[in-house]
Structure formats: structure tokens, C-alpha cells
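Structures incoming, each one as C-alpha cells.
Here come two complexes built around subunit A, the first alongside subunit B, the second alongside subunit C.
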Partner chain A sequence: MTIKTHARTPKKPKADAPKPPPRDVVLAGLPPLPQGARSGRWGDWGADDFVRGFFSRRSALVICAIVASGILCGEAYAQLSPRGQERPGIIETMLNWAPLILFGRPGEIGGFALNILVSFMVMAIGTVTGVLLGIAQVTKSALVRIPAWAITQFFRNSPWLVLLFFTILLMPFQIRAFGYTIPFPDWIKATIGLALPIMANISEVTRGAIQSIPTGQWESAESLAFSRAQTFRLIILPQCVKRMTPPWMNWYAILTMATSLVSIVGVSDAMTLTKLAVDADGRSELLIPMYGMLLMFFFIYCYPIARLTQVLERRYAVVT
Partner chain B sequence: MATTLSVEKKSGQRLQVWLAAAGALLLLYFGWSALFGLEPVNFCTGLIIPALGPAAKALYDTSNVNIIYLYEPFECQRLLRGMGMTIYLSFVCVVASVVIGVLGAWAQMSKSKLLRGFTQSYIQFFRNTPPLVQMYFFFFALSPLLPRVMTDYGIARPMFDAFTWAAISLSFFAGAFNVEIFRSGIEAVPRTMTEAAESLGFTRAQVFRRVVLPLALRVCIPSLTNNLVNLVKTTTLAFAISVPEALFVANQIWSDRVNVLEMMLTLFAFYIGLVAVLVWMMDRWEKSLRIPGYGR
Partner chain C sequence: MAWSDDQPIVSVKNIYKSFGDVQVLRGVSFDVMKGQVICIIGPSGSGKSTILRCINALIAIDEGSILVEGQEVHDPRLDKLALRKKVGMVFQQYNLFPHLTALENIMLAPVHVLKQPKDQVEARAHQLLAKVRLAGKENSYPGELSGGQQQRVAIARSLAMSPDVMLFDEVTAALDPETVKEVLVTIRELAEEGMTCLLVTHEMGFAREVADHIYFTDRGVIIEHGPPKDFFANARDERTKAFLSQIL
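After this line comes the complex of A and B, so read on.
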């Protein structure tokens, strides 16, 4: 007697059918990759991943289309309204302002470039200190472990903006040491302020990665007469790097978006300059396109990173 | 057999439940008074200042530590209202973002390609742009486009005030993450569950509401907690559009009284306390929802 169930029967794989190239590759207009172009080892993702990152979801295109149509509507509005005749159109104005918002005032670093620079510096500082702090969280000595845990929890659970105000207002604007005067401009202080929460979060990522390594690895290393430090350096940490990469990149994307916070404490980043540009023109129909452009800058920078993170996550997924 | 699913409450836990209820009522009271102008004056002049004022004043006289809100009624009131505003904003955003998350997860499961595409665009847009820029976009770019309304005094004012815009933008921001969280929880529910429910004659909506969602909720509470903690911390951004929440008020106080460090430490303590309460509540919820044999 057979029982009919509602369970779906697995689809039979069609072996003879030619495999169509992936849709994302077609969208990007690139030839499909040769087989085995990636060996799957750590660290060898290529340009194709970045291309996939941006084009493999239709949503990116949908968003670009929405923004473009928004700009065009604004343009039409500006052209049709009588007072728009003697003024430059929306697109022209946006193109005029774009270099300022992207690179800041001539002769100094500012605008979106400053956002990127700050994000790089914060990530460098935060990763080095965060990994050390994370390792300190799993040491055997309670004297090291408990303070490391406390520092991590403190900076992880405080609002970023409060930390930013903390460093901006309470750090000296210069330090005199050994006869030299080291200036601390606002954006350096903001960098340190953003590095604190990143440090704490990377610390947690590190701790999680170390604790996710099976105990068998420690035990077998011990039976092979590795010291604890050697085990850690030669066996555990290399495995952690692989597991930490996706969350690390996730935090980088979050951080890049958070760099816009520095505008509140008076650093002339892309946000500040956009506001200045809109105020300088004083045209209300510019508000949506200009802020939309700013949103797009961030989106275009962060979305590929988010997609790449997903790709890496899938590739490095721990199969249980 | 069905009774084995419900977790029996121990008598010791009842006290915790009462404490949680009292805490929630207190929080709501603060939030309500911050928003609707019922000043928690008696709290300051009646409780805090008589109890702690002399000690704080003595501290200021002997050292340079100026904890002004413990002996100045005005500053005390200001700070309490700011904290109430933060609590209220957090509460509104947490509820709204969870609702958005559930609705979005449902929309992502729907058969309509358009609806799914729309939800996906919404998620990607709000996840990959800075919340501060979103807030500015809402407040400076969208707000002027809406019609103005007349007040009782015949003055035109914007349709939504800064608080509403902050609540809207923060809810959408956190909601985008919640959709992903709920979706991952829904995907973790075994397919056989849905099929079994369908074969018992549940409709699609019933399956979602009575079978999939309760099971998915248990899977996704940990990551939901994470996101809600993040949301509570992100409410500080409302500072940028001058919503009088805790950071804004603290900024006012330290500008007037030049006691940056003291106010800063107060803020840290306040936010860590707020987050601790949220995490504790979510933790309890998670424990009370746990089904034996599901999850750990």
C-alpha cells in the first residue's frame, strides 16, 4: 500500500540540457568565467565577485531607476516652472556640486573622500585593537579576561554618537610631547571616537570566531606538543581569519554608513557639504535630488560590500 | 499532549514579572509625560533633590564634580524629560519596526513578483544608506513637500513634527533589518510544518499567523534583540533634527553649565541601563517562549 503525501518530489536534474550562463553575468555584459577560475581558498575573490556584488540583484537596478526617474521629474519640474528659466537645471546643478561633495574643498580632504578615509583609518585601528581585545577575552587569566569583557560590553552598548561627543569634547586639541606639538584636528578625534565601538564589536567577532573552533583542534594540537601560544598562532588564528571575514566586512559597511555622523560634530564630510550646497542655492526643488545623490553615493559604495559579504558567507559557511 | 508545550512558571519568577510590569509602567509614564507635557516635577522636587541634592552639592563644593541635575530642579526636570523622550521614541520605534518586519517578511513570501521586488528594494535601500542621511532626507527633503496644517491658533505648521519624522525614519531603518531577520527565521521553519498545516485545511494567512510565525519567532529572537539594541542606540540620531531626547538635553546642559564629563557619564549609564532592561526583557521573553525539544 502506498501513501500519497503532499511532500514535493525532488526535481530530476537535467543532465543533457546545456547550462545557461547565470543571469547576473548576462546583466553585467561579461563573458562567463572559465570553470575553476576560483580555487575557493581564502583570499582569492576576484573582480567577478565585485561585479556580481552589484548586478546580481534586480533591486539595485530598480533603485537606480527610481532615483533616475526622480531626478528626471525634478528636472521637468524645474524646466516647466516659469522661474526655472533663468536658472540652471537640476542635473546641471547636481553635476556642479558633485565634485565638491565627493572630494571636498580644493586643497583639503573633505566630502565623501573624507568619509572613506575615516572609514579606512577607523577600521585599521579598530581591527588591531579589537582583535587584541578579543584574544584577551578568551585568555585563561581572569585578571585579563574580565577587564577585556567589561571594556567590550561598555563600548558595544553605548550609542555611537555619545562616544563621538565624548572624544570630540574631552580629548585635547593638541598634545605636547618631547618638545613637539602634535595637533589633533576634529576629524582625527572623530576617527578615534568611531574606532571605539568598532573595536568592541570586532572584539566580539574575534571571541566568537575563536570559540567556534572545535575543541578537538586544541586537544590534537596539545597532543602534538604544541604550546598554547603556538596552537593559537599556528592553528586557531588561521582558521578564525576565514570565519571572521564576513562579519568583519559587515562591520566595515556599517561603519562607512556611520561616518556620516561626523558631520554632527563639525567635520566637513559629504553630509555637511551637501547641506551647505543646498543652503547656498536656496532652491527647495533641489532638496530631494541633492540628498538623494548623497544617499546614492553611500549606496553605491556599500551595496557591493554587502553583496560580497553574502557571497563570502555562503562560501565559508560551516557545513554541519 | 498539548500541555507539554507550555512552560510552567516557577513561583520565583512571578516577582520578576511584577518588577518588569512596574518598570514598563514607569517607562511609559516618563515617555507619556515627555510627550504630552505632564511634567514629572514632583519626581524632581519631591524625590530626587531631597534625597540626593545635599550630597551632590557637597560633592561640588569639595571637588570639582558638578552633578547639577541632582540639586537643580530645572536641570533635573529637563534631563528627566529628555530621558523620557528617548524612552518613548525607543518604544514607538521598537513596536513599529517589529510590525514593519513582520509585514515585510509576509510580503517577501507572497506570490506577487512586484510586491517581492518592492520589498527587496526597500530592504536594500535602507540597509545600505546611513540612517543619519535617511533622517535628513525625510526631515529636510520630504517634510516640505507635504501640505501644511492649521493649528487652532491659525498658524500653519508642518504636518509632522521632528519627533514623528525621527520615529518614521528610525522605524523604517530598523524595520528593513527586521524583515531580513524574520525572513531568516521563517526559512528555518521546516517545510513539512507548512505542508502539514495546509493538509489540515489552514488557509495561507492562517498558516503564516498560527504556524510559521510562532515557530519563526523562536528562531529569530536573538538576532531581533541585537537589532533592537542597535535601534535604541540609534535613537541618539534624533539629536540631529533637534528632537529633545536625552543626548540633546545633555548637550544643552553641558553647554550651559560646562560639566561635560559628568553629563557624558550620566548618558553612558542611562543608555547602558536602557539597553540592559531591553535585553533582560527580550531574554525573559525568549525563555518563556521556548518549546522543549525545539532549539536547544
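After this line comes the complex of A and C, so read on.
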């Protein structure tokens, strides 16, 4: 028996060799940041970063691979199934149904577009209420702080589906006020249901960001005679925005995937319509390709966001 | 408030402060006249920084009295913001606002706290940056400046509030020896212009050169004080001698 020994010769780094950019930045197709660009207010990332993240090499590769393997599996499955009467092929059937699953029935908003719309609205509501709740969690007054903490913990530790059922069952289908009748369709109720846990999680993100600002910032603001409210608005919150962006985007990606939950309470989102399409065709070999297509829609939308989040996290990892 | 120039601008009388079980200040008293430069020296943990923080009410004292221009600081009805407009403070860690440029750092407080017109404040901010020898760095962010440059921006930021008294809390302790000098030159110029300054410092040479009066503190009390010449030549107390022999 011979024992292999891995005698390593330590590599001496060349003194003046330029440091390669982090692997992640290379993979995402982003150019490394120029020296000193990091400290700018908004200068170090913007809309173009998002676009580049979206069309980065790795994410394009993964998406193509999944699309191709999905279609191949579908066709293979169809080949194996019994052939009787003439039927349209798997790909043809998928393409026939795709517009419905993406955009819903003509004349109303539904399908994947509704998932996106719900995700936008939930995020808007959740962010505004969550940031306020997060600020309330760090106020001096215990009368504000303790209820804010309790609300945050309650909704952060409740199952999303149960919260959805609660809002669907608790809220009226319409509200009469000042002679007007405001309808409350199910998808609005579902939006509010999903906004509750998002609010609680954004509240925690906000609290964490505020508490991560060094106390020296408060001290120097105090010594310059800023009031507490001014310190918050002018000094603390602007610094929090950068720190909060990666986790905020992370929650958006999680939320978008969770919007498929609304199908359970009868909203005609992409999930509901996929089930309808499969049922209408009545062909069991369609099950896997059709739900595979649905998975792909979500993946194509969410994966680039997750990638970009990682890149931003790395970029903001060391903040003064 | 009958306060006039011939009375002390800062008058500290017998102050006590504890953090939990630790008594940090045990009866400290001293007076500062307008235009004087006072240096407080002493070993770490002797309560030097705490004295400064008490003067602009960042920390509340337990007992005693601090008068700033005749105004009692140890008073629950004190208007802290009004007090802090008169007393500027510079910290060891600079504490600049990292999301704002040097110019914006200086302008923020005069615009939002003193509600001065923006164009006037901007003109003055440019003057102050030139005064601390940082003209041309207006649009640099703190992260792009060296420690010494950041500290001078912090001094300019404090001066923009036109304070009557400046407190310097070990402002050169985080700097390397070469940049210490550029900050000390700035402070000396301020002192020569007649600004009332209270410095906590470990720079003995600087204290000897600039201070009108030196206080040596240890374990929360003032052990010894006097004009720099006397103080350094004829230290009487054993602890002072021990400290000076280590430092010099």
C-alpha cells in the first residue's frame, strides 16, 4: 500500500499582479467596480446592473437548460404513451395553452400576469407598512415599540396559507361607504393576506438595518443638535436603504413564488389556469410538461432576481 | 441668564457620574474662560471623555452642576438642542455621514437645524473646507478621504454651526503619526483665532504648546493642574509623574 502525500508548493503571489474580481461578479457578467466607486450614494449600481443581472451568462445558461430538458421530457413522455387517434403534439399543446396561462382569459387580468400584479401590490403595501412598523420597533416609547414588536413576531411566524384563508374569510366581498359600493374581489383580499407576512419580514429587515448603523452616527448627529426625528430622516434611513436592498429583493423573489398560493382560494392565477388547461385536455401525459412550463415561468422570473441579490449582497458586504 | 464674558464660559462643579457600579467621575471641578484652550490628559478609563460628553449633555450627570454660558446643563428642563448649538464636538472616530459628500456633511446641520438659507450655508461650507485645507474635496465621500482629511471635515462640520465652545475627544487617537500633524495644525489655528477649546488628548507636545491650562485626571478625579510650563516641569503627585514618565 502506498500513501500518497500531497506536498504542496506554496504559490507566491506576484506582488504587482492585479487582484482578480470576485468569482461571483465574473459569473454574473458584471464588470468589476472601479476603485473608489463603492462609496457613492447611488453611483455604484443602477438599472443597467439589473438588466445585466437579468441577461447574465449563467442565468441564460440555466434557463436554456431547463427549458430544453422540460420539452425533451415532454416529448419523450408523449412517445411512450399509447397512440390511438390523431392528437396534437406536446409542444403544440403547450404553446396553445401558454397565452392563457401567461395572460389569463381575454378581457380580464389573470394567469402569470396576475401573479406579477399581485406580487407588485403586495410588495408595495408590505414595504410601506413594514418600514413604518420597523421604525416603530426601535422607537423609544414602549407604548409603540412593544405592539410593533408583537405584530411583527405574530405575522412573521404564521403560515402564509393560513393568513390567506383568514383574510379571505374575514373580509367582506364589498364595502358600502358614502353611497358607493367598493367591490372586494378575491384577488384583492389575497393581496392583503400575503402583504401581512411580507410586512412583518420587511419590518425585521428595517429594524436590523437601523440597528446596524454605528452608534457614532447617532452621537455625532446629536452633538450637531439634530432632533431624533431629523436624525432618522436625514442620516439613519438614507444609510439603511443600501443595506436593505438585497434582503428586500430576496423577499420579493420569495413572495413571487408564494403568489401561486392564491390559486387555493379561487383566484384565476397561472396555477389555477394550468390546472384548468390540464383538466380540459384530459390527457394525463400533459400533467408533467404543463406544470413544468409553469415552473419555468416562475423560474425565469425569479432566478435573475436571486442572482442579482447575491451580487449586491457581496458588493455591499463591507460597508463603512 | 446674566452671563457675561468675564465669567467662565464653562463651569464644572463637583460632578459625579456612575455607569452601573463603576464610578467614572468622582467630584470633578474646573472653569474655562472664553478663548481659553484647556487640555485634559490622563490614563485610559480615567473619565476624560465622559467629562466632555457631560458638557454637551450626551450623558446626564448624577450630581453636581455644569454651567455653559450661565445655563445649567444638569436640569431636566434643559433645552438640549439649544445647548448643543453652542457646543461643538469632534469625535475620535470622525463619525462623518458616509452617504453624504464632504460639502453636504458640513451643510446638513446649518440647513436643517439652524434653518439658514442654503446658498449662504454653501458659501460658508466652501470657506470652511478651505480653512481646514481641503478645498477641492467638496464632492468626495468620506470613504474616499484619508483619516486625517475626514477628521478635518468633521472639524469643519462642527464649525459650521458657529459654536462658542469646541470639544475635541481624542481626535488624533485613530490617526497615524503623519496625519496627526495636519489635524493639530487646524486645531491650533482655531485656538489662535480665539475659539474656546476643550481637548482630551494624548499629544503631550501639542498640549504643552497650545494649552493655557492642563488638567490631569485619574480614576475620576483631577489629580493636578496648572499652566503647561509648571505642569510638565514641576509635577508633584506621584501618579502624574508616573504617567508623564511613561508618555514623554
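Couple of notes before you dig in:
Definition applied: the second predicted complex is superposed on the first by the 243 of 320 C-alpha atoms of A that agree within 3 Å, B and C clash if a C-alpha of one lies under 4 Å from a C-alpha of the other, contacts with A are read in each partner's own complex, and residues count from 1 in each chain.
Please note the rule applied: a contact is a pair of C-beta atoms (placed from the backbone, for glycine too) under 8 Å apart; a residue touches a chain by one contact, two chains touch by 3 or more.
Owing to the predicted nature of the structure, the values given are computational and were not obtained by experimental measurement.
In the superposition on chain A, A:S284 contacts subunit B only, with no contact to subunit C. By the touch criterion stated above, A:P238 is placed in contact with subunit C alone, subunit B being left untouched.
When the two structures are aligned on the shared chain, A:L169 is found in touch with subunit B, with no touch to subunit C.
Using the contact criterion defined above for the overlaid structures, shared-chain residue A:E219 touches subunit C, although it does not reach subunit B. When the shared chain is aligned, subunit C comes close enough to touch A:S227, but subunit B does not.
In the superposed model, A:A190 lies in contact with neither subunit B nor subunit C. By the touch criterion stated above, A:I198 is placed in contact with neither subunit B nor subunit C. Contacts of A:L312 after superposition on the shared chain: neither subunit B nor subunit C is touched.
Under the contact criterion defined above, no residue of subunit A touches both subunit B in one complex and subunit C in the other. Contacts from subunit C toward subunit A in the complex involve residues 56, 58, 81-82, 84-85, 87-89, 91, 93, 95-100, 108-109, 112-113, 141-144, 154, 157-158, 161. Residues of subunit B that touch subunit A in their complex: 117, 120-121, 123-125, 127-134, 136-137, 140-142, 144-145, 191-192, 195, 198-199, 229, 233-237, 239-240, 247, 251, 254, 260-261, 264, 267-268, 271-272, 275-276.
Here subunit A touches subunit C in the complex through residues 36, 38-41, 214, 216-217, 219-220, 222-227, 230, 234-235, 238-239, 242, 319-320, going by the rule given at the top. Residue ranges of subunit A in contact with subunit B, taken from their complex: 6-8, 57-60, 62-63, 66, 154, 157-162, 165-166, 169-170, 253, 257-261, 263-264, 271, 275, 278, 284, 287-288, 290-292, 294-295, 298-299, 302-303, 306.
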